[in-house]
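The data blocks that follow each hold one structure.
Two complexes are shown next, each including chain A; its partner changes from chain B in the first to chain C in the second.
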Partner chain A sequence: MRPLDETETTVVFEKLFKFVGNNLKKIVENPSDEGPESTPGSYCFRLQKNRVYYVSEALVKRATNISRKNLVSFGTCIGKYTHAGSFHLTIMSLNILAANAKHKVWLKPTSEMSFLYGNHVLKGGLGRITDSIVPGDGVVVFSMSDVPLGFGIAAKSTQDCRKLDPNGIVVLHQADIGEYLRDEDDL
Partner chain B sequence: MDALTRNKKKVAHSQTPPLYKRTNSSPLKKAPKSQKPPLKKQRKGISEEKPEVSTDEKEEEEEENELSDQGDEGSESGSDFFSDDDDDDGEDTEPLAGDFIDGSDHEEGILGSDFGGSKLERKSRAIDRKRKKEEKDAEDEFKMNIKEIPDEFQLPTQKELEEEARRPPDLPSLQIRIREIVRVLSNFKDLRPKGDKHERTDFVEQLKADLGSYYGYNEFLIGTLIEMFPVVELMELIEAFEKKRPTSIRTNTLKTRRRDLADVLLNRGVNLDPLSKWSKVGLIVYDSQVPIGATPEYLAGFYMLQSASSFLPVMALAPREKERVVDMAAAPGGKTTYVAALMKNTGIIYANEMKVPRLKSLSANLHRMGVTNTIVCNYDGRELPKVLGQNSVDRVLLDAPCSGTGVISKDESVKTSKSADDIKKFAHLQKQLILGAIDLVDANSKTGGYIVYSTCSIMIPEVGEPYFFCSTFFFFSWHLHVLSLFSFVQQIMQNEAVIDYALKNRDVKLVPCGLDFGRPGFSSFIEHRFHPSLEKTRRFYPHIHNMDGFFVAKLKKMSNAMQPSGNVEPDITMEQAQVSSSDDDDEKVEAIEESEKPPVTNGQPKRESNTRENKNKQKIPRSKEIDKGKRNKYTKTGSSNVEEPRKQKKKRSQWKNEIAQAREEKRKAMRENAKEKPKHRG
Partner chain C sequence: MGKSRRKQKVIPPPQLPPDVPDEDIEFSDEDLKYVEENTEYARFVSRLDTAAINKQCGGRVKTVEDKYEEERSKKKTLQEEKGNGEILVDPVDVLPVKTLDGKLHYRTESKKSKLAEADTDEAEKDVLDDENLLNKSQRREKAKKSKREAKKHDKDFPNEILQEEETPQAAVLAEVKEELSAAETFENKKNKLAELGMLLLSDPEANIKSLKEMLDICKDENTKIVKLGLLSLLAVFKDIIPGYRIRLPTEKELEMKISKEVKKTRFYESTLLKAYKKLIIFETKSVYNQIANRCLCTLLEAVPHFNYRDNLLIAVVRNISSPDEVVRRLCCSTIRSLFSNEGKHGGELTVQAVRLIADHVKAHNCQLHPNAIEVFMSIRFDEDIGKRDKEDEHNKKYKKNNKRKAQEEQNQVQENERKKSKQEMMSKIRDEVSADYRGVTYEPDAKERRKMQTETLSAVFETYFRILRNTMYTIGERTEENPTSNPGAFGSHPLLAPCLDGLAKFTQQLDLDYIGDLMNYLKKLASSSSVSNNTKQKNSKLLTVSERLRCCLVAFKVMRSNLNALNVDLQDFFVQLYNLILEYRPGRDSGVVLAESLKIMLCDDRHQDMQKAAAFVKRLATFALCFGCAESMSALVTLKTLLQKNVKCRNLLENDAGGGSVSGSIAKYQPYATDPNLSGALATVLWELSLLSKHYHPAISTMATTVSNMNTSQSQTFLSAVTPQQAFADFSLVKESFELKNESRKLNKRKRESLPEEAKNVPEIDMVKLSKKLKENFTILRDIKEDKRVRMELQSEKKKPMKKQINVVKKKLKNPKSKKKI
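And then the complex of A and B:
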């Protein structure tokens, strides 16, 4: 477990910025209640076996006496690095993203299950959509009852969405909570 | 076969015409034929010779007679009659009706007194006879049926058993026999079959064998269960093991509330109810239109599929915010997430899991439920004190690997795969784990210092010894090979034995779990004696609590010393005086009575008994016999008076001393009561 170095940090932050925009500041400086001390610590990012974890400092301190090969996870895993060196956000980061998301999309109940199976979001399943979405933005997908379902990349801007035919793709699927059942081994 | 030949002979002797046997349609032809007057004579003749025939062969004889009758009738009346008969027979409803009527005609020993009567008279007489015959047959059949199920239940003889072993198991008769034995055993004195030389153990052995073959248990498990429960409760337990416990879910309070979750799930078509009074987060699912483990709410982490029994150790642990908690066997993470929810994501949880394949599901569940204060590590639980440091955490939850006997309803293979060796292995592991857990805890922690040990097993051996005790569990409906009864019993004590072991080796003491609705643990079982405070542990059974078999014990660490101090008092209060009536073991009742400190009000008797205790210390270990009766018989002698505080006591005799102490106090109280009574009268 080690802190991220410069390049790694920039990559991670870039990815996060796509989804949360300026709320990135909030994420990084979030006061945490974890740890037995009463003064709140702050969160930080750590790298362990190609996975990036978002974890409070108190936890980090205590996790140091666990040896590298026995430490499996701590705090929240937000993503992992591929062999090539690029960084992907995983579904486990959904809680953080959903709390700070800038661009959101709400799905109709009928198309919830379709998205949870890993399909892209079609125009016909769209319930609501926030304004000012640019293609290539990170979008967090919610159900109508504000339950976060996953996230993806916007394929069209908000204006274009209105003109789309019902089968057009609005959000490209990247991760959804159905993966907890489908891809348990990959997490 | 004798009856048949007899009949033939009779027929040969009688005046009846030569036999014309028609075997095929005999039942059908009986009814009309019996109404034909000329044929009656012959039947009567035949019936005369029949009255002595035994009832068992009655039907056979009737058959034969009918056959011979038909033959007679046929030969006499010619083919016309037969054809008529055939037609009539075709319309006949019951083939058996014919039997009765014919038989009745046969059995009446009336000679040809009606020989010359008018046709009408004969007909009416025939009808009367028929009616009487029917009645008599009905009665006889009734009696015969009863005879097959004997009034007095007899154990099968060796021969019968051997024959049975050869045949494939006959389930209905097995079940009947099981029920009969249970009925007899439940009140052995009164219901014992008269003249039967079998002792109670014979009945018990037969019951064991029958239960094993009917339900599919191996001998070891059945033998253990029979030792632990009275017979009637044993049946309930086994039946409960056969059925599945209903699915239950736990609301994730980090993300939602139970009411809201229930609403959402009801909308999806799930039929659910709050779990019970003792849980604010549990819901029980009766049935659902959507798979309960795949709803969007489940995936979003609003609830967790968890059996009701798994709530219990966490409720007993009662972690507070900002504490450091260790879960030593955390996968798949139900209890860990519950702990995190109770702590509201503050503090630190160390979730340890030894088996690598289970780590994935553990971390997935943690992330899904939104738990952020957890460190997941992959160690053998016994190494944890070295890694995390001794005396470093506030609470430890140890849900030990166990034999799974409490979750038989989930996994039927437990019934046959668990032997005494398995249980021994588990017990050894559990003892080491519990010592490790105790070492992890900091006794001087401001808010904590507790260890909760639980298992989903109802085996006493596994639970007992070290302080541990670990689902029910499998859970009775709830899980070997032949061992002698003696060693069985030695193994049996493990559950409580594990806890006992910890009590003896570390400075800890049992405290009430806070789960008042369970059964208190065993503090004595057959010949084993445990620390009397073991009744603070709780056992949960499928047939009583409708959850998997489970065992929970809560320990408090008194000091960080590695030795048990002398201050381990059997913390006997009047609180959980729920002497479980389930145990028909007198010894256990005795133990509980002794452990219940009698209302000793003043300090003097206590002090006195203490000194006497110390005097008796030397005697007690020796007198601690296995025999039931000897317990109260050890004498008080003025052996070397070791007045020193308990630290000087040896570990071995320490807890025995406490038991003796409790006994002493009780005796004192009784003496005082005895003194008071004459005073009253005076």
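And then the complex of A and C:
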């Protein structure tokens, strides 16, 4: 395990920024109360086996005591690097993203299943959408009862969404919680 | 035969005997004897009036001219007798009076003030009716009277004028004028005005020239006269102006030969038009602001179809933002009536008026009185302006298709030819009929109407957007501009409020493309905060809390009316509202706007984010603790609605600090968080309710207890019927209607089902008792005071002798004491 270097940090932050915007600061400076110390530590990012983890400092200290090949995972894994060298956010970052998301989309109950199978979000399945979405923004997908279902990239702005026909794609699927069942082995 | 002859013949009077002097006549004896015997019977002879008999038998038939001469001579003698000051009134009109002596007294009139008297007679008769110049029936009576009198005077005048011709008329008139006092001239002019008015009203075509005279009166020096003149002209024009536009004849038409009637009408119309034009010009340049303005407004309202309405409109719109309130209000109401009564002027004036107002706003750089824009609220648009275009296109397409189909069918089937031709004939006839109908009706064509409405709409929105942009610029300048820049006479953003209201009303007509821009603007406006680094700087250019609330409100209204099956969540505006609730201050900001925004943004919203709803619930509870009854009540009502809608938020009612498993992703509540989504309110508890249940106002305490007793089961679907606005209005300080100690009192609203309705106690008797007691108390106090005062006076008067007495008394007292002691 090692901390991220410059390039890696920028890449990770850029990806996160698409989803959370200015709340990135909150993510980075989130006080954590884990650990025996009374003063809260903060969270940090660590790289282990091409996976980026979001973990509190207290935990990191203890994790250093475990050798590299034995260390499977610690904290929350938010994404991983591909062989090609690009970074992708995985479904396990949903918690952090959902809490600080800037752009949200709510799905109708009928189209929840479709999204959970890995399909894109169509306009007909859209229950609610946040204002001022720009194409290319990161969007977190919720159900109508405010359960986060996954996230994706916006294909159209909110204005264009209005004029779209019901079969147009609004959000391009990136990750959903159905993956926990489908891609159990990969995670 | 003989009789008839006799009748035909004029019997001449008997011939007189030859004239023999008396001395030559000889009497016979027999005659003398006869006379002496019958002296009694013969006495009449001596009494005979020979002259009269001569006259009678003179053979002259008396004619009218002789009579006339007699009278003339009589009058002349009378005149000579009584001097030059009097004129005999023709006994035809005024019968002579016989005094007790037997003398006949012919009525005379003094010559000098004859004119004045004649007028004052009229004036005396008319003064009674003169009060209300604008009463039609009275005026008609007056006209008849004046006509009758005119005729009478015509009879009199020839008699008297003949006599007057002897004296120089000019000198007399000059004397008359000098001697008439100012009041009499005033009365004269008033009466003249009334007369002319009546003449015009009774028969406008014949008396159209009197218009000119009336106009001349208006150019008088006396302000009152001018005002009266203007008003009477206004009344006259209102009645005279025909229901059609007058088109002056062209040169060609002038050259044509025309009948008398047409000539008459033409003359009438041209004079009417000229006079009208003069009047309008006069009024627009007039000094008498209020009166002239009133005339212009009434004319515009009454006859918007007539010529020169553009000039009228320009003048009225110019005054729409005048600092004089009366003028401004009148102009606004006129324009509003123009907008609502479109039938009178066929919609064209609406477009023009709106255009003019828009230019006005532009020229003054948005520094006008809000009333100027509020008139836009009375404009009504057809709902299907945009739709019809599409339908037309559709129809055209379908028509083309139909035509093609029809042609194909024709080629194929020839049997239907007759039918087709018949149908074509029918459609042709229908078209002709509709064309004729359109030509006759005064209403504009559907297409034209749509065109005008789109123009109006675009002008209205142009104004609104200009105002918005202007506000943006003034806010943007605050950081760079120096603080000495002053706001306009009407405040820094006077037009913003009516602009926002208008936008909320007309959003349905707005195209989707512009809504995005509008939203951006509103967002920027709503987020402009009044907190700046330089606290010394007077931030008069920034938006107040109420204005920002209004922006959020309008944004929501716009969004709601443009749903189009897509529910957009306006996150930024929620953030703004969240912060504005904290910034609200009861005296400075409008509570009504706050209540409205609470209702529209929170209560009416169909689906709420859990975290956000909880955040609002917590903040509203805190808000309810800080302010008076009205705000607390509205906050509590909103709170209740939110809790009823979002079942999960009811966890706030549980005494479970930290929220447990239902707290969501944020573990700790951040009270000062600016974003409701990140506040973590689900992790908190509504302890404010327990404080509120001990509120001094019984309604609030009961409401708080009800809310806290709401349980977390799903079955509770009972929604309260009270809106936060109502609650705010009910509980504002104006309607304070309870006493502190008395728990039992009647509540105002019947809709309050949850609250107990108890019998009215009698606070009035308490008041009476109280006042009695107070009275007694104060009378006693006053008596004591007076007593003291009197005593002081007495003491000061009798101080010296009293002192001595006292000393004496003291001594006396001392002595016996001393005696006693000894």
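Simple rule for what comes next: the second predicted complex is superposed on the first by the 187 of 187 C-alpha atoms of A that agree within 3 Å, B and C clash if a C-alpha of one lies under 4 Å from a C-alpha of the other, contacts with A are read in each partner's own complex, and residues count from 1 in each chain.
Operating definition for what follows: a contact is a pair of C-beta atoms (placed from the backbone, for glycine too) under 8 Å apart; a residue touches a chain by one contact, two chains touch by 3 or more.
Everything numeric here is computed off the predicted structure, so don't read it as measured data.
A.B. asks: First (chain B), second (chain C), both or neither: which does A:100 touch?
C.D. replies: Only chain C; A:100 stays clear of chain B.
A.B. asks: Report for A:175: first if it touches chain B alone, second if chain C alone, otherwise both or neither.
C.D. replies: Touch status of A:175: no partner.
A.B. asks: Considering only touches as defined above, state whether A:161 meets chain B (first), chain C (second), both or neither.
C.D. replies: second
A.B. asks: Is A:89 in contact with chain B, with chain C, with both, or with neither (first, second, both, neither)?
C.D. replies: After superposing on A, A:89 lies clear of both chain B and chain C.
A.B. asks: Taking the superposition as given, does A:140 touch the first partner, chain B, the second, chain C, both, or neither?
C.D. replies: neither
A.B. asks: Under the stated touch criterion, which partner chain does A:47 make contact with: chain B (first), chain C (second), both, or neither?
C.D. replies: The answer is neither, since A:47 touches no partner chain.
A.B. asks: Scan A:132 for contacts with chain B and chain C and give back first, second, both or neither.
C.D. replies: Second partner only.
A.B. asks: Between chain C and chain B, which one touches more residues of chain A when both complexes sit on the common chain A?
C.D. replies: B
A.B. asks: Between chain B and chain C, whom does A:27 touch in the aligned arrangement: first, second, both, or neither?
C.D. replies: Once the two structures are laid over each other on A, A:27 reaches no partner at all.
A.B. asks: Once the two structures are superposed, pull the chain A residues common to the chain B and chain C interfaces.
C.D. replies: The overlap between the chain B and chain C interfaces on chain A comprises residues 95.
A.B. asks: Sort out for me which residues of chain A touch chain B in the complex.
C.D. replies: 33-38, 55-56, 58-59, 62-63, 65-67, 69-77, 92, 95, 112-113, 116, 143, 145, 147-149, 177-178, 180-181, 184-185, 187
A.B. asks: What residues on chain B touch chain A, complex-wise?
C.D. replies: On the chain B side, the touching residues are 264, 293-294, 296-297, 299-300, 302, 321-324, 344-348, 359-364, 366-368, 370, 372-379, 387-389, 394.
A.B. asks: Per the contact definition, I'd like the list of chain C residues that touch chain A in the complex.
C.D. replies: 512-513, 515-516, 519-520, 523, 564, 566-572, 607, 609-611, 664-666, 678
A.B. asks: If you look only at chain A, which of its residues touch chain C in the complex?
C.D. replies: Touching chain C from chain A are residues 23, 26, 95, 98-100, 102, 104, 106, 123, 126-132, 144, 146, 158-159, 161-163.
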